[in-house]
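Input: structures, listed below.
Heads up, the next two complexes both have chain A, just with different partners, chain B and then chain C.
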Partner chain A sequence: MTALGTIDGTNLNGGQKLAVKYFCVAAILFGAQIAFGLLAGLQYLIPDFLYEVLDFSINRMVHINAMVVWMLFGFIGSAYWLMEEESGIPVVGLKLGNLVFWIFTAAVAVVVAVYLLVQIGPGEHSTLWLITEGREYIEAPRWADIGIVVCLLVFFFNAAATFNKGKWTGIGGVLVLDLIALFGIYLAGMFYTTNISVDQYWWWWVIHLWVEATWEVLVGVLMAYGLMTVLGARRKIVETWLYIEVALMFGSGILGLGHHYFWIGTPEYWLSIGGFFSALEPVPLVAMVVHAVFDSGVHKMRSSNHPAMAWLIAHAFGNFFGAGVWGFMHTLPQINLYTHGTQWSASHGHLAFFGAYATINIAFFYIAMQKWRGNVWMSGDLVGGWKWKWSMVLLNLGMVGMTMGLLVAGYEQSQIERAIEGSTWAGYFAAQAHPWFQQGMFWRMIFGGMFAAGYVLLVLDLLTIGRHETRPAQNVSAGG
Partner chain B sequence: MIEPVELADFFVTFFSAAAVILCGALYALLFAYSRIRNMPRLMPLAYAAYAALFASVIVLGDAANLFGSLFWAAVMMLMLAGYLAAPHAVWHLCVTTHAAAQRDMPAAPPDSSSPETFQRPCKEKTP
Partner chain C sequence: MTTEIWWASGIFWRKTAIWVTAGSFVVLVFLTFDSMSQITAGTKRVPAYSAINHRIEYRFDEARHVQVPVIGAEEPLFGRKLTEQEAEALVDKGKLTVQAKNCMSCHTLLGNGAYYAPDLTKAWLDPFWGSREMREELMVEFIKDPSDKLHNGLGRRMPRLGITDEEARAVVAFLKWMSTIDTNGFPYNFKPLDQEN
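Take a look at the complex of A and B:
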């Protein structure tokens, strides 16, 4: 063990060394997501900006794809982080895992380079294989799609073989089962049909079921481990709750898929199914509030890693407001008829993705930095502690501001474009030119700048936190 | 199957839907806080939050034309029952899981954070 406060790979086990590689790429892609988001946001205000140099369609695509991939890298890294500690043995097939990391990272770089270099061109069969598959949010070309599935299969092999050879824990079991769904469901977004309704039907399996089922369960696994590490929560309790959460999530989340089937040409019964399960989806979130209050009462919020704990709390709030409040406001078909696909959806998407997924990845970045520096003190009176607090304030305020800006724009769109003008082209342009829309987009840009400043400070903090600390981490073990 | 919301009711729909979730969270928060801190005087406030939730569901049902269909009216009833019961059920699970974990632990001196403390009804005072 090296001196406290010094970054040293010998402080980490094999899986954790691989995890920090994933975290580094995730942090870089997070920056790329913000940069391309800012460019796309600016093009709402100045439509000619970078026209035919870096078009809006490309900026938006890279913005969203970077988000999906950085979160995926963060999740994979987090799973490798906990794998050896949970199973009690070194990761099985770690060399293969390392090889796949480099292949995956190189593939992401090639895909983005192709997006940027081939922005327009004919849509031929080869385009689907080499340039872009054209499905929103999962535009990666077919070769990359296959690569993603292979990478996830190797990740699954690493996890399943490690837990199988070592010991199975509740966290390990849920993780391995979830990884089957993670690569299995992705296959649904890969086959091509000529019927747009059928195509969208399967496309939503990836978008909704990845995000609202498999990712949520993965986040439940990470939260369980995070609470044990940071708060000293007992294994038996967090694992029991993990099972309950998985049951609630699948109970309401899987058929909550129906709220995406309202307007794509599927049968009318999806209005009932989607509406019913969407109404139930917030119930687990309300239940989570009770559990959070109970646990905070038991542990009195004494944590070994204040930044990670703060981001775990931000996760709980962000998930509740982004997914719960912002989702339910426009999920019933009676109102969703007017709001779907407007900036309302973008408002909900921004807050929900940040609240549910970005926050927990950032918490794991801090957990990793603590151990990478020799399990250094990260509780109260942290030297240079202002940086993590201010980056958190800037990131969260920036996100709330962007959400509100998009909300105003989306509210106006749903009225002018949808309800009054009946979703016509004229209505679309009338809504885009309306002062409410313009002002909403302007304020989204301002708060986007604040968010970017928060990101810069976050990276600076991750690189320096604990550097001047000489105290070992506070012990919060509950003995369970 | 559905009757879309009138333009004039857009704001009421959004606002009441948000209020359903927020009041649900406030009810859960006050309910749990009242029990964990053994402060029974907070419990009426928790049920006041639930009453606000109830009112929000009714307003949402009116604005979103949910009363016109048996199915949507049933969804509303289920929501009301679900939000009412969820904090009770989750509290019960919290106490049970913590008590089970406590039984597996080596004996330790009792303190205020012991799960047994939370199993007492709200009316009792901690000694």
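Take a look at the complex of A and C:
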């Protein structure tokens, strides 16, 4: 054993060694997401910037794809992280899991290289198979889709076989069942059809049922484990909460899918079903806030890992505001008729993905760093503790600023382009040229820069936190 | 330990979670079958591809209080009437091109996609094209090489995407067909191109 405070793989179990590999790639892709977001944001202000070199379409595609993949890598890593502790045995088929990690990472690199260098192809099926599928969020070409399914199946095998051979906990059970849904749903996005209404119907099965159902349940699992690890919360409490959250999340989220079926050609009954169930979607998010904040209070804010705890709380509030409040604001069809397809959606997308998913992944990065350095002290009076606090402030403030800039632009667009000008192209450009829109985009850029600075500091902090620390982690497991 | 109250028990909530999830999913599957039957091409809401042989209008419906697409008199695209198979093949080529060129990463289709460029749901009916007679050729030329065409006062331009003449015509067919879909009144309050003269 090396000294406390040194990064050493022997501090980790097998699953955790694989987890930190996933976390490293996730953190790098997070950086790529931000970089391409900045480029795309700049093109709103300087339209000729990189014209016909790296057009907005390419930057935006890499921006959102890097996001999906880094969050997925973070989730997979987090699942491997908790697998052995939860099941009580080493990961079954870990070698295969390791192999798949390298294949998955190489495939992502090839897909991104093709996005950047080849970009588009002729209007033929070969383009969809080899270059891009051209469907937002799931642009990855078909060969990559098949690769993703194979990789996820191996990951699923690791999880299911490990819990099955060891012991099933509530966390393990929900995780494995959720993974089945995750894979099954991805298949719905893997075919081509001429009919755009049918295309978008199934496309939303992937996008919505991932992001607003299975991913939300997955972060419920991570939150439960996180609270036990960081606060020493009792299993019985967090697992009961987890079941409540699953009931509320799937109960509202599965039929909440209907809020994407207002305007794509689907029947009118979706206006009522989608409006009603999506209005309920914030309920589980409120429950999560109550759960996390109440538990912290019960434990008098005494945690073994302050940065992780802070990011778990940020997750609870970010999920509630970003996904819950910002989603609810424009989910009823009576308002969505005007806001659908405006910067309003971009505002919601930014705050929701960050609040719900980036935050909890960052919490797990901190949990991992702590153990990787031999379960080092990460509570109060941390050496260099300003770094995690400042990166957290910059990231959160940067995100809120971007969200607000986009929201102002979205309000203006709904009003001028949609309500007044009647949604013509002339109306669209009248709204895009309006000073309120331009100011929104300008401030989005400024706060995007702040967010990027927060990211740099976050990476720096993750690499150095606990380095000169000699105290072992604060023990929180006692009591309840 | 005290005896557990039912609403605080893990087992109760686990059962609830399973039943709620299964129940919601069954309802979704049922609704999906129904929706599919209503959005297959050739139905009332999503017309057949041969609709591109006709004039498409977007008129206010007094009963529903929104605008709905109306398929009018015969007005074949590029002056040539197509059979159902020919029309489907052409629209299919257009849809493939729309995906292969990643149109959705700047534009929205039926309101979904990116917000850097205008929505294409009613591109066929947009007054931007000036007149009915000019529209088809202007659209084809614009799609093939937009870089030197009039766009807007912002300086924001669509790039050249290497779209061939055949692909451009197919994209126009796809856009014309898409404008026939009943989208429950989205976009609202739209002022279509004057097609009377």
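Following the convention adopted for this analysis, the second predicted complex is superposed on the first by the 466 of 480 C-alpha atoms of A that agree within 3 Å, B and C clash if a C-alpha of one lies under 4 Å from a C-alpha of the other, contacts with A are read in each partner's own complex, and residues count from 1 in each chain.
Here, a contact is a pair of C-beta atoms (placed from the backbone, for glycine too) under 8 Å apart; a residue touches a chain by one contact, two chains touch by 3 or more.
Worth saying up front: this structure is predicted, and the values here are computed from it rather than measured.
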Inset, instruction - Determine, under the contact definition given at the top, whether A:Ser423 touches first (chain B), second (chain C), both, or neither. - result: second
Inset, instruction - Go through the superposed model and pick first if A:Leu337 touches only chain B, second if only chain C, both, or neither. - result: both
Inset, instruction - Could you look at A:Tyr44 and tell me whether it touches chain B, chain C, both or neither (first, second, both, neither)? - result: second
Inset, instruction - Mind working out whether A:Ile244 is in touch with chain B, chain C, both or neither, as first, second, both or neither? - result: both
Inset, instruction - Go through the superposed model and pick first if A:Lys236 touches only chain B, second if only chain C, both, or neither. - result: both
Legend entry - Which superposed partner A:Tyr201 touches (first chain B, second chain C, both, neither): second
Inset, instruction - Would you sort A:Arg302 into first (chain B), second (chain C), both or neither based on which partner it touches? - result: neither
Inset, instruction - Give one of first, second, both or neither to describe whether A:Pro267 is in contact with chain B, with chain C, with both, or with none. - result: second
Inset, instruction - Using the superposition on chain A described above, determine whether A:Pro282 touches chain B (first), chain C (second), both, or neither. - result: first
Legend entry - If touched residues of chain A are counted for chain B and for chain C, the larger one: C
Inset, instruction - Mind sorting out which residues of chain A both chain B and chain C touch, each in its own complex? - result: 236, 240, 244, 268, 271, 333, 337-338, 419
Legend entry - Residues of chain A defined as touching chain C within the complex: 40, 43-44, 47-48, 51-52, 55-58, 60-61, 119-125, 127-128, 131-136, 139, 170, 192, 194-201, 203, 236, 239-240, 243-244, 246-247, 250-251, 254-255, 257, 260-271, 273, 333, 337-338, 340-343, 345-346, 418-419, 422-426, 428-429, 432-433
Legend entry - chain A contact footprint on chain C (complex, rising order): 8-10, 13-14, 16-17, 20-21, 24-25, 27-28, 31-32, 34-36, 38-41, 45-46, 49, 88, 91-106, 108-116, 118-119, 122, 126-128, 147, 152-157, 159-164, 167, 170, 178, 181-191
Inset, instruction - Under the touch definition given earlier, write down the residues of chain A that touch chain B in their complex. - result: 234, 236-237, 240-241, 244, 268, 271-272, 275-276, 279-280, 282-283, 285-287, 289-291, 293-295, 297-300, 320, 324-325, 328-335, 337-338, 411, 414-415, 419-420, 479-480
Inset, instruction - Would you mind writing out the residues of chain B in touch with chain A in their complex? - result: 1-5, 7, 10, 13-14, 17-18, 20-22, 24-25, 27-29, 31-33, 36-37, 64-66, 71-72, 75, 78-79, 82-83, 86-87, 89-91, 93-94, 97-98, 100-101, 104-106, 113, 115, 118
